[in-house]
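These notes open a run of structures that come right after.
Each of the next two complexes has subunit A plus one more chain, namely subunit B in the first and subunit C in the second.
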Partner chain A sequence: MVDLIAKTPLAGILPINAGETVLTEASPASITSVMPHQGREKALGEALKKAHDIGLPAVGRSSGTAALRMIWTGRGQYMLVGNKPAARALARSSTLTDQSDGWAVMQLTGDNAAQVMARLCPLDLRAASFKNGHTARTELAHIMAVVSRIPKGFEIMVMRSFAQTAVTSLQQAMDSVAAQWTRT
Partner chain B sequence: MSRLPTGGLLDRSQQIPFSFDGETYLGFKGDTLASALLANDVRLVARSFKYHRPRGILTAGSEEPNALTQIGTGDQITPNVRATTQEIFRGLCAKSQNRFPSLGFDALAVNDLLSPFFSAGFYYKTFMWPKAFWEKLYEPIIRRAAGLGALSGAPDLAHYDKAFAHCDLLVIGSGPAGLMAALTAAKGGLDVILADEDSRLGGRLNSETSGIDGKAGHVWAAETVAVLADMPNVRLMSRTTVTGAYDGGTYGALERVSHHVADARAAAPLETFWRIVAKRTILAGGAIERPIAFPNNDRPGIMMASAVRTYVNRFAALPGQDVSIFTNNDDGHRTAADLAALGVRIAGVIDTRADVAVSGDYPVLSGAEVVDTAGRKGLREITVRTASGLRKIKTDCLAVSGGWNPSVHLTCHLNSRPVWREDIAAFVPAENAIPGMLVAGAANGDFSTHAALKAGVDAAKATLKDMGRKTVRTTLPKAEDTPVSITPFWHVDGGKGRAWLDMQNDVTTKDVKLAHQENFRSVEHMKRYTTLGMATDQGKTSNIGALAIMADLTGRSIPETGTTTFRPPYSPVAMGALGAHGADKGFAPERFIPSDLLAREMDGVMVEAGLWYRPSWFQKPGETHWRQSCDREVQMVRDTVGICDVTTLGKIDVQGKDAAEFLDRVYSNMFSTLKIGRVRYGLMLREDGMVMDDGTAARLGERHFVMTTTTAAAGQVMTHLDFCAQVLWPELDVQFISVTEQWAQFAIAGPKSRELLDALCDEPITNEAFPYMSCGDITLGKIKARLFRISFSGEHAYEIAVPARYGDALSRELKIRAESFGGGYYGMEALNVLRLEKGFVTHAEIHGRITADDIGMGRMVSDKKDSVGKVSSQRPGMSGPEREQLVGLKPVGAVKQLLGGAHLFNPGDEAIRTNDQGYITSHCFSPHLGHPIAQAFVKNGRARIGEKIRMVDHLREVETLCEICSPVFLDPEGEKLRG
Partner chain C sequence: MRINCPVCGERDSREFHYRGAAKLLDRPDGDAGAEAFHDYVYVRENPAGINRELWFHENGCRSWLVAERNVSTHEFLSVKLAADIKRGMK
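This part shows the complex of A and B:
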């Protein structure tokens, strides 16, 4: 019987840091895409509430807690990230697809996290515009990404094959920001 | 030394050595290269563009046309750096440009003597014939003689950054107007970015002696900046030039991050190119003093009057010992007053106005003009024409003031034209020139300090109101409110010698007159004919003077004559900054396959497939040519078993009540009839009936399919499916999402593939459980995997998919097991040979102009249902003998070579376009057959199997006689597949 060893997308690559900014790999137990059946958004919302006490997030928002978050990722599409979801209960109103291996999840934290993001992502990520619970499907260094605000910085999801390039770009930006002195 | 013993905004405790043209000098922290050179009595700093005239420093800002230097050492040199904006730092190595052998003696100064030949339009008229001489003789010579800085030719190793910033209000310029605007808006709660190109915020306040609220202007500025720096909603961006205004409140800005730093850490960029998105903008960019054109007005020592004040007041550097001033307005007298206060000898103030109201403790010549100057490498003497005749005055510095031009440039970037204001004899921005932008202070023609402060407050309050914010209380600081008093005076008539307008491109008043004479009278024509304003300074000090002369000549007013168009960037931006992170690997993101590490360990030679990197072949010891590796890998698959990472193929999970119906509509063939656990090859057409993509789809459940796409078209197919589901058939209950990255997938192909799998899997793989074109779940130890019995090689083959986290481990396990059978990995080249031998197509064939019938799949467009592209595919001309059809080719003559892209002609026909019979799309050497084979499109090809056809490659000059054959060269019955 073969015994294959699992590797996370950024095993051996993260964590890295530059100055105060730290980039770590988050390895959620599960990532599941959730797509409501036609006209079943409300039913999905209720099932989600019942099973996990999470509301269905609006466009550009995420809901839930660090243990299990529901992230809006597109038209009729969400990602449940964290603990394994109650698949059976949710499947009555939505299509679930396992994406646990498809995405690399990173957390960029520290005082200069916003400065780092400003070098890679064109969105307005100021704290007042992109608050806790806000999320965006956007680009990060020309890579399609899901960027969410977390309490100490940003959570960045990119598709697994892009993970190394994303880290290379993040590392460059982190080093650049760390090397620049305080403005006068 | 011309450094004043006290004063200036310098840190005299920090003495900084730097070099210019090999000589080492000392300056202070706070000096620019220009101020430090002046303080060291260096006045000759450059040679001019065309005539190699000795030139000095004209201005104290980014508008400088003359004092361009190159910075750096070795092959890492930045050319055309303005000495007036470059701060000095320890070890700064600057050199003058465009001189040979040295700045003091420039051999090409002979051009100056030949100046009658080099006037505007000279090249156009002179170097026309003979035609061949232009490129080979004239142009190289002219290019060597003319020019500014030179590039080393080596790649720029400096690091540049690009970044984005967002704010409620962008304030451009930090003079009195900008500071008050930023302060007022910030107090009102707006998120403010204050950007200024200078290293020290404060604008003209740092250069003038008039005070604010009883303090020196620069003290008030520093205090205000300190207040702003402490506000959390304010971001100060010094050394940041806003270079362009674009749509939607977006501005380009260039930040000089480490041009001025001796020991910049390696990761710090030289420059950062910002894109600032602002809800509102206040332009407070100030004004630029303009010169007056008079004969020989380009000698070192002749500078702008405001620049003289900057050098004296801000940098404590005295540009001359015997200063004269030439002005047409009251502002010029400020320079006299400042210098007189410092005890500098004033040789005279020459005022063009007959009725000069201002006076001081210095001689004033009213109604006078400077008509000539002397001193080759530095001003020595001027000749002044007064009512009583010519008079020579000894002077080593002539400060010139022709009035001020508001910096309207940014307001014109969206095609607005500035408006002439007679009272100040200058252009000001049109109202609403840029949506969301207000203009304040000198940039709007409000030249007094009081007016600027007030305009800054007013603009900020208007912005607050416009954005629905509460207004704030402000007290306006007290400052001078001198009215503008100017009598327009553009150029001195008569006199000998040339009067220079554009110092950087060596354009004189005579050139403008010549342009007029030759009927280039529109300012845009005049600009191009004379090249005025086309140098790196974009004519900041010369445009208005030139168009005033053109107005004179044509008898029109200045507003009627108009300005040329100001376009971004406001000041030069290095290509390196615009292209930051775009070089080398930064050009596009890289996608890595699950077996990437193993492939590289195995000396796999990687090739790009879209953004993916896949191994082309695996080079074994002793193999010196890719064909050896490729042939071995092909033979290996045919004889034993080969492994290939096929993760890059698009995988789309399709689910929902109407999933089967959805697939029936997007695929040309039927999928609703596919049994669970079975796989079918599918063809997808575009709406126009051409083939879009092909692949397989597996049915995992009643309402669950996994579709595969080609690597290249994965994105296109996903977009297409989204369009179909959202726009064409929103009534279908179907959900789909990419799972390309979720699964690591490997092809296992060859006669030993089942044996390999049997050993790997927990359950034996039988022909009954997994017949050809079937699929199902299997277990690998603790892992649930998917197995598909499909083949792209013609061999008995499978594809196994595991969750991607196990991809690396499985790739290694498969290597060991394949090698135990004498097999191993194969790359893209072998994959291509295998599919060509079997007659399968790729996007080399289905290239976008190919129908299903063209590739022999016409019957795959089901007539039992409708599907995307079906109706279009049935139009006349979409199938039939008139079209080029897919066939195989094999060489039958002495020449065996087949080449991709080569065209086909009937034997005996001339190889010209009108006789074209088709072309080759793919070719390879077939180890199985022992000769090259190809796939080609040939007119009515299927009916011509067995005929001879001639391949002609016009580019590579190869001709090969071929026989048209079936594209399937191997196992046409498919016995191997089903074995």
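This part shows the complex of A and C:
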């Protein structure tokens, strides 16, 4: 049997930086989509609490810790990102699908991170309106993305096939913002 | 153009896709005949004023929406979840 070497979506491409802004790849051990069965949101919330001590997040919110986060990603859909979840316990009230290799996860940090995002995304992601625990399924340079607030910036998830395109757009925006800020 | 998604709140229209007239929710029964299906598939009103339209929040919560929009002014009068409207039709 051939011994295959696992490669993350942005291996050899990230990290990059421009001025103070840094883009790194995060490689969570597991990404699982969780879709509650009809009318079973409450049961899922209880199972999640029991198995991982995480509450079911509201629309546009995420819950949990850096080790395992539950992110709202759409109507009737969440993503569990981080350590491997207790799939058996959660599967009684929801449908789970392993998506670990389907997404590229990046972290954009630095004082100008919100300025960079403003050039690519139609939402107001400044700290005053997009706070800790906030998340949004939106678009980044016309690519579908899940954007979450993290302590020093943003965590961005895009489908793996869009990883390099997203990085190209982010790099352009980062360079542009860095040039503007150096000049003033 | 900004669309007030019932799930996500007000969002830029580039996150949405227009998916045709809201009439598409009202599909005739399978035995309704060719005439009824011809109307369903091809015949559309095209008033210069308020239209009922289907929109899909593709780069957002992925809800199907029914929007009332004035096509002369681009004003959205109401946006509702298509699932709720479909349930109400039964």
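Following the convention adopted for this analysis, the second predicted complex is superposed on the first by the 180 of 184 C-alpha atoms of A that agree within 3 Å, B and C clash if a C-alpha of one lies under 4 Å from a C-alpha of the other, contacts with A are read in each partner's own complex, and residues count from 1 in each chain.
Convention: a contact is a pair of C-beta atoms (placed from the backbone, for glycine too) under 8 Å apart; a residue touches a chain by one contact, two chains touch by 3 or more.
In this text the structure is predicted, and so the values were computed from the model without any measurement.
Asks: Looking at A:Asp175, would you say it contacts subunit B, subunit C, both, or neither? Reply first, second, both or neither.
Replies: first
Asks: For A:Arg75, decide between first (touching subunit B), second (touching subunit C), both and neither.
Replies: A:Arg75: touches subunit B and subunit C.
Asks: More subunit A residues touched by subunit B or by subunit C?
Replies: Counting residues of subunit A touched by each partner, the higher count goes to B.
Asks: Name the contact category of A:Gly102: first (subunit B only), second (subunit C only), both, or neither.
Replies: Only subunit B is touched by A:Gly102; subunit C is not.
Asks: With the two complexes superposed on chain A, say which partner A:Asp111 touches: subunit B (first), subunit C (second), both, or neither.
Replies: Neither partner.
Asks: Using the superposition on chain A described above, determine whether A:Pro122 touches subunit B (first), subunit C (second), both, or neither.
Replies: A:Pro122 contacts both subunit B and subunit C.
Asks: Could you say whether A:Glu20 touches subunit B, subunit C, both of them, or neither, answering first, second, both or neither?
Replies: Touch status of A:Glu20: no partner.
Asks: Contact-wise, after the overlay, does A:Gln38 reach subunit B, subunit C, both or neither (first, second, both, neither)?
Replies: Touch status of A:Gln38: first partner only.
Asks: Touch test for A:Gly60: subunit B only (first), subunit C only (second), both, or neither?
Replies: It touches subunit C, and subunit B stays clear.
Asks: Just subunit B (first), just subunit C (second), both, or neither: which does A:Thr8 touch?
Replies: The first partner, subunit B, only.
Asks: Take the contacts of subunit A with subunit B and those with subunit C, and give the residues found in both.
Replies: Comparing the two interfaces on subunit A, one with subunit B and one with subunit C, the shared residues are 75, 77, 122-123, 142.
Asks: Can you tell me which positions in subunit A touch subunit C when the two form their complex?
Replies: Against subunit C, subunit A makes touches at 59-60, 74-75, 77, 122-123, 136-139, 142, 144.
Asks: Which of the residues in subunit A end up touching subunit B in this complex?
Replies: 1-9, 18, 33, 35-38, 75-77, 94-95, 97-103, 118-119, 121-126, 128-129, 141-143, 159-162, 164-166, 168-169, 172-173, 175-176, 178-180, 183-184
Asks: Tell me, which parts of subunit B touch subunit A in their complex?
Replies: 159, 161-166, 191, 229, 235-238, 257, 264-269, 275, 277, 581, 585-586, 588-593, 612, 647, 653, 655-657, 726, 732-733, 735, 737-744, 760, 762, 780-783, 802-810, 813
Asks: Residues of subunit C touching subunit A in their complex?
Replies: So the residues of subunit C in touch with subunit A come to 7-9, 11-12, 14-15, 58-63.
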